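First chain A sits with chain B, and in the next complex the same chain sits with chain C.
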Partner chain A sequence: MRYPTRLDAVPKVTGKARYAVDFAAHGMLFSALVRSERGHAILGGVDAEAALSVKGVVAVITGEDLAPLFPRYGHIVADHPILAIGKVRYLGEPVALVVAEDRYSAHDGAEAVEVLYQDLPTVMNPDQALADGAPLLHTTDYGVGDRSFSEAHSEPRSDNVCHRVDLHWGDVEQAMSRADHVVETSTSYPMLYGYAMEPYNALAHFEDGYLKVITTAQHPFMVRDDLARVFSLPLSHVRVTSPYVGGGYGTKSYTKVEPLAAVGAWYTGRPVKVEFDATGSILTTRADSARVTIRSGFSSDGRLLARDVDLILDTGAYADNGPLVLSKASNRSFGPYRNPNVRVRGRAVYTNTVPSSSYRGFGAPQVSLASELNMDQAAEVLRIDPGELRRRNLIPPGERHYPGKRPMDADLAADLDLLLEGLGWGKPTPERHGIGFGVTASDAGAFPVSTATVKILPDGSALLSTGSSEMGQGSRTALSLIASRELGIPLERVAISQSDTHATPYERTSGASRTTTLVGLAIQRACLQLLARLEEVAVELKGGPPTEVKAAEGTVVGPWGDLSYGEVVQEWFGGQLGELSATGVVRRAGDLAELPPFWEIGASGVKVRVDPDTGQVFPLRMVTVADVGHAIHPEMLKGQDVGAATQGLGAALFEELVYDGPQLVNPNLVEYRVPRAKDMPGEIVSIVAERGDGVGPYGAKGGGEGTLNPMGAATAAAVARAVGRWPDRLPLTPERVWRLMRESGR
Partner chain B sequence: MGVLPAFRLHRPTTLAQALELVNDDRMPYAGGTELLLAMKEGLLRPTHLVDLKGIGSLRDVRESGSGVSIGALVTHTQAADHPIVVDRLAGLAAVLNRVGNPRVRATGTLAGNLCFAEPRSDVAAALIALGGEVEIASAEGRRAMAVEDFVIGPYTTALEQGELVTGILVPVQPDLRFAYLKHQTTERPTLGVAAAANSHCSLVVGAVGFAPQVFRSPSPSDLDPSAIADRVEVVPDLTGSEEYKRHLVEVYVRRAVAALGGRR
Partner chain C sequence: MIGLDTVEIAPRINGRETVLEVPVRMTLAEMLRDRLGLYGVKVSCEMQVCGVCTVLVDGQPVSSCTFLAADTDGRRVLTVEGLAEGDRLHPIQQAFVDRFALQCGFCTPGFIMMTKHLLERSPLPDREEIVEHFDGNLCRCTGYAPIIEAVQDAAGRLGRRGS
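And now, the complex of A and B:
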């Protein structure tokens, strides 16, 4: 079967698609940031006099100027000042916003601003942050932003722990004591930047009493909530619009630069644009680095008896989404295995580094490095094939591996078999070659809330409206395909409007791999209601027993003959006008009462060759398995899976943000290396497994992140099998692999 | 960051005009791939730029005596694709095809690359091994200088005030064996080793130190990779420690010697 070309393909490849950064407003001002030059310091004052005398500079705004507002944001803990107030907590933190008639004046103005600092001792990593007597980043009670996140800290602090998770069932110590083998693995996952091609930017202005913001945000409704609080506006008076988002990967979840643009507009009374480059974006949000130790007890026949996890995330200077990343990382740290005894101790720690937040995989890549490598090392100790060891422990379909959560809605063993076959596992490999793989399951889908509207217009065409964002993942196409299929009208006659808090219905997030499943479900429900409405209206117009009137395939058929959808609308309204609409709602109820809405499966692996002289790793073959229940558009799905696995490969081989003291050494795309076309394995196999076992339309469930999650462990295991020594940290740079080879003497 | 500071732009159309314009505060540029980045980062702040791209006479690639002359405005891509270079200097063409990325190759010039003297230049190492010369003009006249003498340190050349590089002359030696091997895992090479041999052998270790380092011997087999690895100047960075980089030098010198048919 041939699937349609994605609807945004032509505008995007021809450069015609408009992103937030392409928008302008009449009278718009530009801006530049003065960023902190210290890692941790009391702000002694900001001297803006010279800057204000620069031609074209309109205003220099500092944290003190925001006193009339609620000057912070943060959907879990509102600890993040829009502009530093009283002190700075990381090098690169926004201290002042210079607003000017053009971007050059703004830049010159920013250079002329003098900032006085009184240095404070810094804590640059969790060890320093957790040490006795460590200087505290935060001492204030900020209150909890998101009331549904009641675990979050809100009381005054006595340490740098931003958030803590303690999770357990069974009796881990007792199980360990009767285990035949206890295998311990410790790993470090690097500090990453989730590179999206469109850097952070936003345009804000006040008009008719409304705050209007055009931004590159995945979750415009959550940005709206933060902005309403800053300006004490009703939610109704904040309009946040996200046009095409130029890559998100979670880095554009939640509020980023929108408050900066908005306070600029508030202060000057004119539209203000904030636009960052890649360096500015790196200094805004990164992904948590992690140190994980996992101890597993096994019986001699390879049954997992217990897992004990200690997990520390370096969450940076502000909480942002850190508490949720920790919570998800904890849930994902013990693997999709039948396991009666689990204990997880997790801490997210404040440090004087760029704040971290969500990034594709959401905690899973960090913890899976340890937990899947641990399975491989256990297999070695137990002398059981690592595929077989997993097969003996993987949670079977319909069984619960996490008390209180949804039973497993996937056939993991079948996925593993597809993966191993694709990788050629078990066949002999040449010297210095190795194969690695992993299997993960993430509690994805987030909280299941979604609304979508579908309209039938008088010509019978359909218009969908959803608050979910098109960020390259293909939601525009997938959601339109669902409506086309439900209504029985051609894709060419379905249009979609997305991500506008005034014009589209509520959507909680475009993240957690949830859009096709949950928004798809909302659209499916809207379509079903709309068909029922068409039938109802046709009966009203033409009579006939309701049971004999059926709307499908573009036509309402009754005892009196056929009416097209458009004719029903026209006849009811009396002319070529009007529209019929329905709104589909998804809530935590019915099939979706149990969380997570679905388990997102990650099954991927890689075959590598290692240069024996230099340690350079060459990926030769990459295999991904998409266990998504039903693929709405298999080619787009494969694109997502290969993309996610490639990002995982980036972390495994190249990517790492490096600090030297308070200074980030490589906040640019020359020295922070993301994978390029030439780095891709020559052989890529993307397998789609459809078993109709998801809660979404046609049995669909989410994908697009899963294949990233095992890639770190898979690559580490492949390298270990090639060089004879287990790595304990990523990325596996040539030097690190060379050192492993020296240690192993191989 | 990321915004060009103000400058005044001059656009001469003849070499004579250009020579009248350039001085320490009036920086010449062609592709601008290095200079404009340095300006955007605030590392360089010339108040005047002299755009050489209007000088048609600097665009030629031609045979010149027993060599090939590559004009100062010739980009890496243009040189790599030029029939004379492909025919006479296939080894250099191969190096140029792997410089930077497609945008840099399409915009950046060989001469600009040498003048900027970025320590991790592929072009400098290769040209030194090939015995290339820099053709220099000034109001006083013209002179030529070996590339080896021209690149004297990081971001430092022997170019004097008022001088411009007009081209690069690369000798054509039909019996020359040439290899350029590089270790590159990021945007710039960690190490580049250029080696050329006929009746004698030149080996250049580039990218790993502040400037290309030259080793000569009667034949490739006389080069001692381990001794060279001990002797070279090495600057550690994110791509490797000093110890690892010295190891890489030994590996790549050995490979270069093998590529030239040496025995080690």
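And now, the complex of A and C:
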């Protein structure tokens, strides 16, 4: 079968695709931010006089100006002031928004703003933040946002813990005491920046009593909810639209710069655009760094008896999605293994650093570094092949490894075998070469709520409407393919409208690898209802027993002959007009009652060579396995898998945000190095395993981030096998690898 | 204020003579996007690392985010919008479509302009030459492999067209 090219490809290669940053409005004002120059300080005052005298400057807005509003946002804990109020909690925090007729005046104005600070002691990492007597970032109760996180709001605060997770079953201590071997692994996962190439930006204006925002957001409906609270508007009066999103990877989940643009528009009465550069984006959201210790007890024949995990995430100055990242990291920390005794203690900790939030993998890369390296180290202790050790413990299809969650809907052992074969595992490797691999399972899919509408127009063409976003993952194409297949009409006659809280139906999120599976299911359900409706209308028009009238492949066939879909619409409405529509709904019910909606499998690995003189790591071969049930579009799926694994490789070899005191040393793309074409292995193999075992259309389940999750551990293990020493932190820079070589004497 | 001083320039943009009055501090990217609506020119790192803003000035790739608009006076500027002939895609564009060499698409115009520059100098580049040429272009979605394939595919198409 030949698969169609992407529906967004031609607009994107001709420069015609419109992203949020490309939108302007008549009478629009530009803006620039004044950012905090201190890591933690009482805000002594903002002097805007000189800035207001800069030609073209219209307004300088500070936190104090927001008193008539609900001045904060945050979907779990509403702790994040739109502009600093009373104090600043990290260097780079927005303090004032300068709004001007052009962007030069805005920037000149921002430079002229004087801010007075009274310094407070900072806590720059979880150790400092958790120490006795540590200064507190937050001392007040912000009230409950998401009720499922009520424990995240136990105020007033007496420590810097943003969120806690305690998870356990069985009896870990007893199991450890009868284990033949206990293997402990501690790792540090770096602080990362997701770097979606379209920086954060939004355009806001008030019109007809509605707040309208065009933004580069993955979840426009959740942004709508935050904005409605800020302005005390009904949800119905906030319209958030996301056109093509220039990269997401979780970094554009949840509210970011939209409230800034909106308060600019509220204050000035004119449309206001907020555009950040890459530095501004890095100072907006990063990914959690993590310190993880995992202790595993094994029997001498390699059976996993217990795992005990201690996990600390550096959440930064505000909660953002930190509590959920911690909760997911905890769920993903003990691996996809049969394990009767588990204990996880997790803490997400506030520090005076850039707030962290979701990033592709959602906690899994952080914890898998420790848990998969722990399997490799245990294999060494037990003298069992690391592939075989995993095989003995991987959870079999249909069995539950996590009490209360969906049984495993994948064949992990088969995935592992494909991966090992692809990597050439077991074959001898030259000196200073190594192979590493890992297997993970993430509780993906998020909360299963999706709504999609499908219409048949009087010419028989179809129009889909969904609140999901197109951020490069290919939802536009995949969802259209599903509708084309269900309705039996050519792809060229299917159009799709996406991500607009006024014009498209509700979508929880475009994240957690859920869109093809859950929105696909909503579209499939809408199509089935629409076919039934076409049959019903045809019976009404032409008569005949309903059982003998069938809509499929673009035609309604009955005892009276054939009618095209378009003819049914036309005859019913009496002319070349009208439309028939149906809405498909996905809720947590039926097949989707059990969470997660699916387990997202990560199976990937890498073969590397280490330069003996410099310690530089050269990836030679990268292998990914997609266990997705059914591939709606295999080419696009492989693109997701290779892209995700490449981001994992970036974290493994290059990427790290570094603080020196309160100052972020490298908030730019020169000093924060992401993978380049030259860094890529010459051999990349992307394997697709289709076993029809997902809940989505045709047995599909989600993919798109799984292959990232094991890459940190896989690269670390490959380097360990090349140099003879286990790394305990990423990225594996030449200096770190050179030191490992020195220590091992190899 | 010096930033508000303007200058009149006459660049040839995508084959069309254009006369514009621009602030001396305006970047080429700002001029192309804000004045001429050529939104295919993207901006990301603003430090000449990511390459998304790449356009050709007199056939040479430049980072339009840090190139002054005023410096294009009397010169030829080519953006991604200047490649297709009506609805017919340029062979490089068609190769990017056929090889799935894009996902979010934000980096794509820069890669396409760099590919045009490469293939004009070196009609049949090998992998090593391609990755070297792309050292100033970042893609965060694809892992680069399909982009490299697209360049080789485009080289084949242009070779056939030329012969």
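To be clear about the criterion, the second predicted complex is superposed on the first by the 743 of 746 C-alpha atoms of A that agree within 3 Å, B and C clash if a C-alpha of one lies under 4 Å from a C-alpha of the other, contacts with A are read in each partner's own complex, and residues count from 1 in each chain.
Heads up, the rule we're going with is that a contact is a pair of C-beta atoms (placed from the backbone, for glycine too) under 8 Å apart; a residue touches a chain by one contact, two chains touch by 3 or more.
What you see is a predicted model, and the numbers here were worked out from it, not measured in a lab.
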item: First, second, both or neither for A:A677, with chain B first and chain C second; value: second
item: Chain B versus chain C, judged by how many residues of chain A each one touches; value: C
item: Which of chain B and chain C A:N666 touches, first, second, both or neither; value: first
item: Chain B versus chain C as contact partner of A:Q616, first or second or both or neither; value: first
item: Chain B versus chain C as contact partner of A:R400, first or second or both or neither; value: neither
item: Which superposed partner A:Y104 touches (first chain B, second chain C, both, neither); value: both
item: Touched partner set for A:V658, first chain B, second chain C, both or neither; value: first
item: First (chain B), second (chain C), both or neither touched by A:D277; value: both
item: Partner chain(s) touched by A:W738 [first = chain B, second = chain C, both, neither]; value: first
item: Those residues of chain A which chain B touches in one complex and chain C touches in the other; value: 103-104, 108, 277, 279, 669-670
item: Chain A partner contacts - residues on chain B that touch it in the complex; value: 1-6, 183, 185-188, 238-241, 244, 247-248, 251
item: Residue ranges of chain A touching chain B (in the complex, touch as defined); value: 32, 103-104, 107-108, 277, 279-280, 613-614, 616, 654, 658, 665-666, 669-671, 673, 733-735, 738-739
item: Chain A-facing residues of chain C, complex; value: 1, 3-4, 23, 25, 30, 33-34, 38-47, 49-50, 52, 79-81, 83-84, 89, 93, 96-98, 100, 102-109, 112, 127, 130-132, 134-135, 137-148
item: Residues of chain A defined as touching chain C within the complex; value: 5-6, 8-19, 21-22, 24, 55, 103-104, 108, 195-199, 244-249, 277-279, 471-474, 635-636, 639-640, 642-643, 645-647, 668-670, 674-678, 680, 682, 684
